[in-house]
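To start, the structure itself, in structure tokens.
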Amino acid sequence: MARNHRRKAKQVGLPPGTLVHVGEKKAEQVRITVIDYDAAAIQRKTVSQTKQCLPFKETATVTWINIDGLHDVKVVEDIGRLFDLHPLILEDILHTNQRPKIENHERHLFVVMRMIRFDDETGRILSEQFSMVLGEHYLITFQECVGDVFEPIRQRLGDPQSRLRKNGPDYLLYRLMDSLVDHYFVVLEKVGDRIEALQEEVARDPAEGTLQNIHRMRREMISFRRAVWPVRDLISSLQRQETPLLSEAYQVFFNDLYDHIVRVVDTTESYREMISGMLDLYMSSISNKMNAVMKVLTIIATIFIPLTFIAGVYGMNFDTMPELHWRWGYATIWGIMGAVFIAMLFYFKRKKWL
Amino acid sequence: MARNHRRKAKQVGLPPGTLVHVGEKKAEQVRITVIDYDAAAIQRKTVSQTKQCLPFKETATVTWINIDGLHDVKVVEDIGRLFDLHPLILEDILHTNQRPKIENHERHLFVVMRMIRFDDETGRILSEQFSMVLGEHYLITFQECVGDVFEPIRQRLGDPQSRLRKNGPDYLLYRLMDSLVDHYFVVLEKVGDRIEALQEEVARDPAEGTLQNIHRMRREMISFRRAVWPVRDLISSLQRQETPLLSEAYQVFFNDLYDHIVRVVDTTESYREMISGMLDLYMSSISNKMNAVMKVLTIIATIFIPLTFIAGVYGMNFDTMPELHWRWGYATIWGIMGAVFIAMLFYFKRKKWL
Amino acid sequence: MARNHRRKAKQVGLPPGTLVHVGEKKAEQVRITVIDYDAAAIQRKTVSQTKQCLPFKETATVTWINIDGLHDVKVVEDIGRLFDLHPLILEDILHTNQRPKIENHERHLFVVMRMIRFDDETGRILSEQFSMVLGEHYLITFQECVGDVFEPIRQRLGDPQSRLRKNGPDYLLYRLMDSLVDHYFVVLEKVGDRIEALQEEVARDPAEGTLQNIHRMRREMISFRRAVWPVRDLISSLQRQETPLLSEAYQVFFNDLYDHIVRVVDTTESYREMISGMLDLYMSSISNKMNAVMKVLTIIATIFIPLTFIAGVYGMNFDTMPELHWRWGYATIWGIMGAVFIAMLFYFKRKKWL
Amino acid sequence: MARNHRRKAKQVGLPPGTLVHVGEKKAEQVRITVIDYDAAAIQRKTVSQTKQCLPFKETATVTWINIDGLHDVKVVEDIGRLFDLHPLILEDILHTNQRPKIENHERHLFVVMRMIRFDDETGRILSEQFSMVLGEHYLITFQECVGDVFEPIRQRLGDPQSRLRKNGPDYLLYRLMDSLVDHYFVVLEKVGDRIEALQEEVARDPAEGTLQNIHRMRREMISFRRAVWPVRDLISSLQRQETPLLSEAYQVFFNDLYDHIVRVVDTTESYREMISGMLDLYMSSISNKMNAVMKVLTIIATIFIPLTFIAGVYGMNFDTMPELHWRWGYATIWGIMGAVFIAMLFYFKRKKWL
Amino acid sequence: MARNHRRKAKQVGLPPGTLVHVGEKKAEQVRITVIDYDAAAIQRKTVSQTKQCLPFKETATVTWINIDGLHDVKVVEDIGRLFDLHPLILEDILHTNQRPKIENHERHLFVVMRMIRFDDETGRILSEQFSMVLGEHYLITFQECVGDVFEPIRQRLGDPQSRLRKNGPDYLLYRLMDSLVDHYFVVLEKVGDRIEALQEEVARDPAEGTLQNIHRMRREMISFRRAVWPVRDLISSLQRQETPLLSEAYQVFFNDLYDHIVRVVDTTESYREMISGMLDLYMSSISNKMNAVMKVLTIIATIFIPLTFIAGVYGMNFDTMPELHWRWGYATIWGIMGAVFIAMLFYFKRKKWL
């Protein structure tokens, strides 16, 4: 997360709207995919030059232009010029550390969210910026790398009966946002599994690695929360946008989306609380263990130190030590030591240390 | 609680309104019960087919249709079609992890709450989703499993003098919500008992299990709070709904209900504070105990280690050790050891360790 | 406090407005006292039957009817019927675990607060529900047990010159509320004394009981806060009530009352902070003490364990141990031990442990 | 601070507006000082009787009447009658534990703040109530004891060119409030110095007194905060008062004052955070120290306990112990003990305890 | 940070608007730089006398007057008189401990922010006050010392094609503010690096210096937060200012700036959380280490103390100790000691201490 603001420094002092890519280069090559459809027909192609997108701009059909990879500033700049996007939109697309937000630029609605996925192999949460520009007949989306969570939507588009095919780009926007939010649940589910596993571990037998894991999870939740928390305001503000680009008819869907994101935020907060509870539990466990260690030490030392003292006394070499010459001296001393031993045991029993 | 969002993942990418049951299958078979009444008469029956509900739809009498068990998507779908419910209502009914909420769909008012009960046998809090759809002449309710908290209401319905019989489905809705909230008090009462018991335990003699119990209770309160907290907004929003489905006359009852839920939330917060106080107390107790253990160890060791040293000295085998040959050497050494012993005791006394 | 919601469970499922007493039976017998006055005359009597109150209902004189003891539901029901109170008012009066609140029922203004007193004998905070119903010419008050904080007001009523005698029941209501809030200060004063005493104790010489006391006080403050916090909103809302029952002229008094309750809340918060500061201090004290104990142990053990080792070496029985036969062997060994001893002392001095 | 609410108890039950002094008697004798001025002339005198103030009441010149000492209720009462102050104003003046506040009584504006000074000798924060009543041509101020922070203002009044002389009592009110707030900065400066000194102490070498000092400072900041926090609202509300007593022209000055108090509040919050950070640091230091102590003990004990055991073995008196009679037995045993010693050192080195 | 309010004390009691420099003298000599430009031409000069600025006041070209160094009150006073600034503006410029804020003085817009830089050499955060006064054709800026973050802007001004040259002083104001906020990101980046390094250190091998570093960073973040937090409100309020000095056209830029500062605040909060997480982790590490130390001590002591006791017993000098004369006595005793040793190891193994 500490990397979220990186490279910003590089462009300090440049005028606003200067296009510089801020973020890691995540994709090898920029890939532009165009899907153009209406209720009757659908056409998909991968174009190699940005100007190939131009024909779709003014047609009545819905056009979804998806750009994978942002390191080639030229491509974004071209798209911007072709579709007449505001320079600040382009800047925000390229600085891949935006806070989720919505901006209403009259002819365009600009939405930034984060696409969050769980990498099962490394057990890490992957997060990339996903920017959407809604125009009258088109939706342009920008992702940092190839591979996304929208495969089911692409399949549904193939079905002429699907609601997607019968509606405009604003409905497509909703469906993409819905997919993103749905994946937040998927990530939370994985996180929930890990929390449960860790809780087991803490309660049963906490290792030192456990602590590191809890803290890593805690940091990941801080970062996850930063990505989802603003989405609530985003959707709520989107519902109130006065723009012809968004059909009133979808209000109910956005209400539903709002409910989902509220639930995501709620769950995130609960997880944060549970993680912090785990830390308390861990600390208590450590204290309990230390206490147990101390008790063992104390019992052993408290029993044997006095006994050793007694033995030491009768190991002295004074000329005159009458006890040494008593007939039952040795036996008596064993008796005394036994008595001390039993008294100690009794004492610990009463103290409930045994 | 970590399970609250489960299986959501399964339906990621499906279009909104696609009906898939999300949650555990809790009931063996779906059971549909219809109670149809007005001031004059009452009729109860268990129907086996959803279409048997249709005759009750438009009659002037009040009809309460209750569905137990949600795993059979078909049934919910049929009910939805018969009563013309919005697809998103049906989706929310089937995804049994909703946040309590209210939705105004013009011809229907949709309310989701959680029915929370305390299982005396396992000492666990049971929670299931309870969805209510209020129409002009009917109220349709959906629960996840057979068995609920409404038996007293069903009995009151049998009494022709009861206010229930004289009022519409909106009053029935109020009474069901009131029953749900009343049961929150019952659960809190049980939780209160357990908190008191734990407090006793912590103050008197905390075992290691105590800590686990406090933490489990803490997690349960996090989850309980998530279920009741949104109900406050729900009721407050319900009071402001502009809908002909709700009679103005019941405003005062909903005010009362609002008071109750505020009290539930208040008590929940207090319990959370008390639980967190208990954790502090537990930690302090552990520290105190460790301190006591340390003192015992220190007293014993500090007294006997010097004495053992003295004994060790006169156990040495040097040729020339004049003390060994003194007449009162042995007695003197006992005297010295006694003096050390008493000095130590005096020191500990002054330090208030004894 | 955990008892606040008790017995609610008993009446779960009953229709709203059903009258059941929820709370402990605190008084032996219900006592009804009537004080009827105007500027000219005053009349006090204790009535045995509720219907004896009826003559005072419509007279132009101010009537204060006070009921001590709520276990006899019949009495409350009768009063309710005589004065035409809303069933929900009666229900709230009987459920003695209300959150402080105000309700405007057109012809009646219903105010619930808690009467809080400090029992000097047991050192405990006593709290009971005090309900007030303001009508046009009368004020009816309900308390859980005999004995209250209004004796000075009753005395003032005897003085024909007092402002009480010249004003209506709304002024009486204000004076009763003012008395209740004044007693919150009295309780806070006692709590303040105890906090100071505990602070002394913690700083000087914390015993194990100290911790229990701090935690008990903490719980009492949680409960006290629940009783006073809502009163702020109550008074603020009372100032905005649009009702002919309250004279505009008393606005300034209610402003004053509002100031008082804000101060009560402020002080409560400060006390909570101070109590939580005391817990930190206590924990630090325990740690400091443990540290001191450890140092003593370490100093003694670290000095004598090596010395005992040396003595042990020369207690060995090897045939060939030349040192044993040196002339100054014994003296030398004492010298070495003395040197070790002094080196250790020097080391501890430098470490500032001595 | 716990004393803030004292003696309130004494007047419980009295009617509002009854004048009783609540607070410590801080001054020997009440002193009344009158400064009467306009642009042309200035007149100062100390009056002995309250009625001597009357002549100044209606004159067009600005009159500042300052009363030092509140224990003589009679004086305040007289002033109240002479200037026609509302009884509740007088009550608040005498109860010297008010929360800072402003009250608009049509013909008077009543402002209560606290005058806070730092006593360099005792190192304690002194706080007294300062009440101001603004009338059309006069400002009456009440302090608990002789001596205040307004000397510079009195000097400025001597200068006919000063803005004070050219403006009305509302400007004087502003200047007094400004002086009070300026002194909050002075106190914060002293507190800041002490925080820095304590931070040094905690980081370098915390003594037990350190902890007490941190906690005392913490309590003082709680109390300081209670005195300044409400002033923010006070000034903000003062800016919105609709009263002819305050000239619109001073709006910009009050804005400035608002900025100052916001900064005071900000700094107070930062100090609170820093103090709480210091407590954490202190606790960590204690833990670190305990750890260091433990290490020393463990190193010494772990090295010498096994060695002592070895020496003990060869101090046994068995008839048959072949090693005792070996030629190099004694030397060998020294070799073994040396090896153990070195192995232990090596082990601690690897564990980084040395 | 504790120094933020220093020297304020010196001017306590002076009338508002009295000009006294409050802060450290940071620059040797006051330097006044004037840049006067329009789309056609640009002129830069360093003036030695304030009155040389006057000619630029009313020209239609944009004039940026920058003053480095504030200790010479005379200069600021002169500028104030020449440009007719309100005395309170001048006072705030000289008191270099202002909270970031905006003030609308009709003919001038006054903005105070803090310029924050990271000193790579000392690893410390440097902070100075930066004041801006926007007039109709000019922008006057005041810094505490020579050297700032605006070099790139000065370079852009050299380019006739740059947007700066084509716009008014309000756009220049925006660009300066943008540069300041951009530098907050730079500082956060450095802080982020240090947090990561510290996190590594804490997880791997915390030294005592680590704790000091974490706490220093924590204090620096408290202070950083105080500098940036109010900027959010400042910009938000700036967007709502009704002033002809700010062109409506730049609204979109200020929206962008607002987004940036929200991100700065967000990141600051996250860092604070991460730092506090690090403290928890540090404390847990210390506890873990102490636990490890205790275990080593306990294992060694618990094994050897009983063995030493056994050896001590057979070192006693009683006349009658049959075991000493047994043939296999010595061997047997070794056997017993071996058995105790192994039993102990087994016990620790089971306890998972080994």
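Letters A, B, C, D and E mark the chains as written, and numbering starts fresh at 1 in each.
As a convention for this text, contacts are C-beta pairs under 8 Å (C-beta built on N, C-alpha and C of every residue); 3 or more make two chains touch, one makes a residue touch a chain.
As the structure is a prediction and not an experimental result, all values here were calculated from the model.
Asks: Kindly list the shared contact partners of chain B and chain D, in label order.
Replies: Shared contacts of chain B and chain D: C.
Asks: What is the graph distance from chain D to chain E, where chains are linked when they touch?
Replies: Each step joins two touching chains, and the minimum needed here is 1.
Asks: Rounded to the nearest 5 degrees, what angle rotates chain A onto chain E on CA?
Replies: Superposing chain A on chain E takes a rotation of 70 degrees, nearest 5.
Asks: Could you please state the distance in Å, as a whole number, between where the Cα atoms of chain C are centred and where those of chain D are centred?
Replies: About 26 Å separates the centre of chain C from that of chain D.
Asks: How big is the gap, in whole Å, between where the Cα atoms of chain A centre and where those of chain D centre?
Replies: 43
Asks: Where in chain C do residues touch two or more other chains at once?
Replies: Answer for chain C, listing residues that touch two or more other chains: 283, 287, 290, 294, 297, 301, 305, 308, 312, 315-317, 321.
Asks: Sort out for me which residues of chain B touch chain C in the complex.
Replies: Counting only chain B, the residues touching chain C are 149-153, 156, 162-164, 175, 178-179, 182-183, 185-186, 188-189, 192-193, 195-196, 203, 252-253, 255-256, 259, 262-263, 266-267, 270, 273-274, 277, 280-281, 283-285, 287-288, 290-291, 294-295, 297-298, 301-302, 305-306, 308-309, 312-313, 315-321, 352-353.
Asks: Flag every residue of chain C that touches chain B in the complex, lowest number first.
Replies: Residues 1-6, 8-9, 11-16, 86, 88, 92, 97-99, 101, 103, 205, 208, 211-212, 215, 218-219, 222-223, 226, 279, 282-283, 286-287, 289-290, 293-294, 296-297, 300-301, 304-305, 307-308, 311-312, 314-317, 321, 323-325, 327, 329-330, 333.
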